[in-house]
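We just call them A, B and C in the order they show up, numbering each chain from 1.
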Amino acid sequence: MDRRKFLKTSTATLATVGALPWRKAIAQAGPIKIGLLAPLTGVVASGGKEMVEGVQFYLDQVKGEIAGRKVELVIEDDASNPDTALQKARRLVEQGNCHMLMGDLLANTGLAVANYVKGTGTPYFIPIIAADDLTQRQRIKNVIRVAGYAASAFTHPFGDWALKQGYKKIATVSQDYTFGHEQCGGLAQVFTEGGGEVVQQFWHPLNTADFSPYLGQLADLKVDAIFAMETGADATRFIQQYASFGLKGKIPFLGAMNATDQSVIRTLGEECDGIIAAAHFAEGSDNPVTQKFTREYEAKYGRIPSLYGFSMYSGIMWVAEALEKLGGKVEDRDAVIDAVLKTELVGSPLGKTVKLDAYGNPIYDVSIRKVVKRADGKYWNVPIANYPNVSQFWKYDPETYMKQPPYSRTFQGIKKA
Amino acid sequence: MTETAGASQRKFAGPTGRSALVVLIVLALAAALPLGLSNYQVGLATEILIFGVLAMSIDILAGFAGRTSLGHGAIFGVSGYVVVYASAQAGLPPATAFLLGVLAATLVAVIFALLAVRTSGVYFLLLTLALGMIVWGICLRWTQVTGGENGMRGDVRPALLMAHRTFYWAVLAAVTAVSYAMWRFVRSPFGLTLLGIRDSESRMRSLGYNVPLHLFVGFAVSGFFAGIAGALYAMFNNFVSPSSVALAQSVEGVLMMIAGGVGTLFGGFVGAAAVIALENVVSAYTERWPMVLGLTFILIMIFAPEGIIGTLRALLTRQARQSPISTKGH
Amino acid sequence: MSIFQLLNGLTFAALLFVVASGFTLIFGLLRIVNLAHGALYLLGGYIGFAVATRTGSFVLGGLGAMAAVAAIGFVLDQGLLRFVRGNDLRQVLLTLGFAFVLNDLALVIWGGDSFTVPIPQMLKGGMRVFGVFYPTYRLFVLISGIVIFAGLWALLNHTRLGALIRAGVDDAEMVEASGVNIRRVFLVTFLLGSALAGLGGLMGGAFLSLYPSADAEILVFSLAIVIIGGRGSLVGVGVGSLLVGLLNTLGQVMFPELAYFVIFGPMALLLAFRPLGLFGRAATT
């Protein structure tokens, strides 16, 4: 059933009937209500739209049913804004009576909603939110990062790969917020522990239009490579300006996976050719399951799937597989959370079964991937190296790792020579 | 909603015994409201009360001193930040945190006022906008203290008030007290001086009034009340983020004030109710809320700049004048 | 400050000038603080992008952007602002509402992805100037800014329209009393100011890209420039753009924490102590 009609009828029903006890008995056989929060307006609106597509793509494939029950998907716009996200989360849980919440893109919206569901106990699944601590030091029981990733999880192996390429000195440029700090920190820690040097780190506010001040300084540093952690419009601009200032081809460009995500490179041209990133998902992978997913998604929505579509698709698939095991009994929250934590995602578009570690974070094979041009002229990411079974803790012991402070501007895990 | 009719009635009664009765009826209805509403709707009603206070605080300056501020969102939000910081980071009890928040907001208002009292009209608007943006910039970038992008969360609301209804009643009590205080303020000799300044600044000056001083105090008082609203909101959400101090928050406050009616004071509740209700209804059907909001702004500016209460008042006045026998003196 | 950073600041200032000059024309003569100016920039960019990608011509993109945005300006002025003439506050808030509508409309039409206006082949790449390798396109923006300044200077000081505009900035009633159809002058000025915003959008869209919050960002810069430089003064806008452009670039390099303060601080201080800005003159009405 479509969201608008659902809300109209539910509001009408609630208004006339109110919260009566006999409704609970009926609910058992009723639909599974999933509240989907995504930024449909605001700074990251394009990612938000793809999040919704990813979920709908899966639901279409299973004909709108999970474990024999119909699925009602209620979509709310969090407007890329934590206050709005909180408001909508409240609406979904208190008025919409959703059995679970999913989604959100920006870390601050996710944190706001996580804080709220801590009080209500509603299961909240966050495939996209990557704030490390939600699955490390500040764990909330009912917040699960299905099919998602911790920010530093992919940059740990990336640091290792950089060392293997013979890079001795690097500089990092990053958006100045937690997600950026964590990605850079992951890279810096592994890179410096392996003997490399991080010469300088640049932090800039989100939505920086003009990168020329940083590019000027970068050009003067004598480094072997540059790691740029950028997302969205910042990534587009950075990649373009990097090329226009003549740095492309001169200094190897290592990017965060978000910088070379489809949502960025699909509007770019040759400036993005050859940029390397580390990620679990590479849409140009030759794995047959991934190829099938990419092909079908592109056929349906007219564009190559990005991280947003892929993650949400995997996320809802994961929840669905867990609910199948439970026979669809979505009302028992503890059972749902337990089932999700124990489920291994068998049908993943990555073509390999994915499972969660003891802290609720998935373990992946990480590919080092490169942007190349397809036969039809479009750009996509193709794997060039592989690191199997990487957890959020890399090779460190979890308890020891969690004793070190979370990555921030002041703590980047850098080991002094 | 019954709030609307009740609040508008409140305006038409002069300082007579009848108005006291009306006020009591409205309060009784407001107190009874949660009994018939779902938890979520009680939450909405609580928000309406809180934002009503914000709109009223902006009205003190806009309606009564003739100066519209686009910086009150920042004042409102600062109170929230201090309240959350005080309880989450400094571990202070809710009452202390609340007081500190209001104090901080008043302080910010005082600083704004010091710079803004000599300006008026569009320049006042732009100056308060700029000052608000500076505050927003600080909240966004001073990550150590404010949490930056992520904002701050805390268990601010006292355990006693955790339930939706209980909190609503507590807020209702606070808001009633605060509204009364504001009403007394604008009707006081000081408030009348502000009205005089709105109508003709030069005349007030020639009469010997210290206009900048009056504006300064008016701004500080306005900030004090905005701070109360901010502290209540922090308790409501247990969370604060840069969006609470952003320009959008100031704009929303101004819209609510205008929708209710500039200079009507209690129109703030009407405006808040209208905007919040509209937002809830619209976003259930479409993502195009920003467009609806913009159109609402445009339409109000063209067709009903006096707001809901103001337009009603004007209609009723016109009706009374048109009737051959005037039964009420307004 | 190195040559490189200086060029960065100057080229950014040039773009800001193009946009802010439109803003000050409208603010100076019509006394309207057009808070939709940023949205006009963004739409100009998107429309210019659409025209340029379809026709393959950057110039056509520019013309298309200017024409389209002037048309939108026409709608705003004649269709909406006419109902609130004379009331400063209502005008400002109405333009704010219009800005919301335009921004959301752009989101509906173009979605949230970032777009970059394609530049002609000869402006691609870079060249060596003063010892540094610098993108050619940015130098083009710098030169365009100077050319547009010269053009506006000529318009304001050597044409009848310009004389009318300058007189109107000082005393609109007097101009009207002397038999001139001031309404027409106002309209032309509004269209010109809007067209400049649109042109800015196309130019900026080529090196800063177009995305949903670009309108708010450029508006904020324009406000600061016009306040600092002074209402209705071309030289003021020029100086204001230089100051803001250079401060912004310097600020990013040296004081990234104080990003907003560097721009809003001076703006707030000026508004408090010298609302006319550096070069503004009080209107005689």
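Criterion: contacts are C-beta pairs under 8 Å (C-beta built on N, C-alpha and C of every residue); 3 or more make two chains touch, one makes a residue touch a chain.
None of the values given here were measured: they were computed from a predicted structure.
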Quiz item: Hey, which pair has more contacts between C-betas, A-B or A-C?
Solution: A-C
Quiz item: By mean C-alpha coordinates, which chain is most distant from chain C?
Solution: A
Quiz item: So, what's the distance in Å between the C-alpha centres of chain C and chain B?
Solution: 34
Self-check item: Rounded Å distance, chain A centre to chain B centre (Cα mean)
Solution: 38
Quiz item: In whole angstrom, what separates the CA-based centres of chain A and chain C?
Solution: 37
Practice problem: Pull out every residue in chain B that's touching 2 or more other chains. | Solution: 140-141, 290
Quiz item: For chain C, which residues are shared contacts with two or more other chains?
Solution: 104, 259
Quiz item: Can you list the residues of chain A that touch 2 or more other chains?
Solution: 41, 205
Quiz prompt | Complex interface listing, chain A residues touching chain B | solution = 4, 7-8, 11, 14, 18-19, 40-41, 76-77, 81-84, 86, 88, 90-91, 94-95, 106-108, 111-112, 115-116, 131, 177-178, 205-206, 409
Quiz item: chain A touches which residues of chain B in the complex?
Solution: 38-41, 43, 140-141, 143, 148-151, 153, 237-239, 241, 243-244, 280, 283-285, 287, 289-290
Quiz item: Considering the complex alone, what residue numbers of chain C touch chain B?
Solution: 31, 33, 80, 83-84, 87-90, 92-94, 96-105, 108, 220, 223-224, 227, 257-261, 264-265, 267-269, 271-272, 275
Quiz prompt | chain A residues touching chain C - in the complex, by the definition given at the top | solution = 41-49, 176, 203-205, 207-210, 212-214, 216-217, 232-233, 236-237, 240-241, 244-246, 263-264, 266-268
Quiz prompt | Residues on chain C engaged by chain A in the complex (per definition of touch) | solution = 2, 4-5, 8, 11-12, 104, 107, 111-116, 124-126, 133-135, 137-138, 207-209, 211-214, 217, 248-249, 252-253, 256, 259
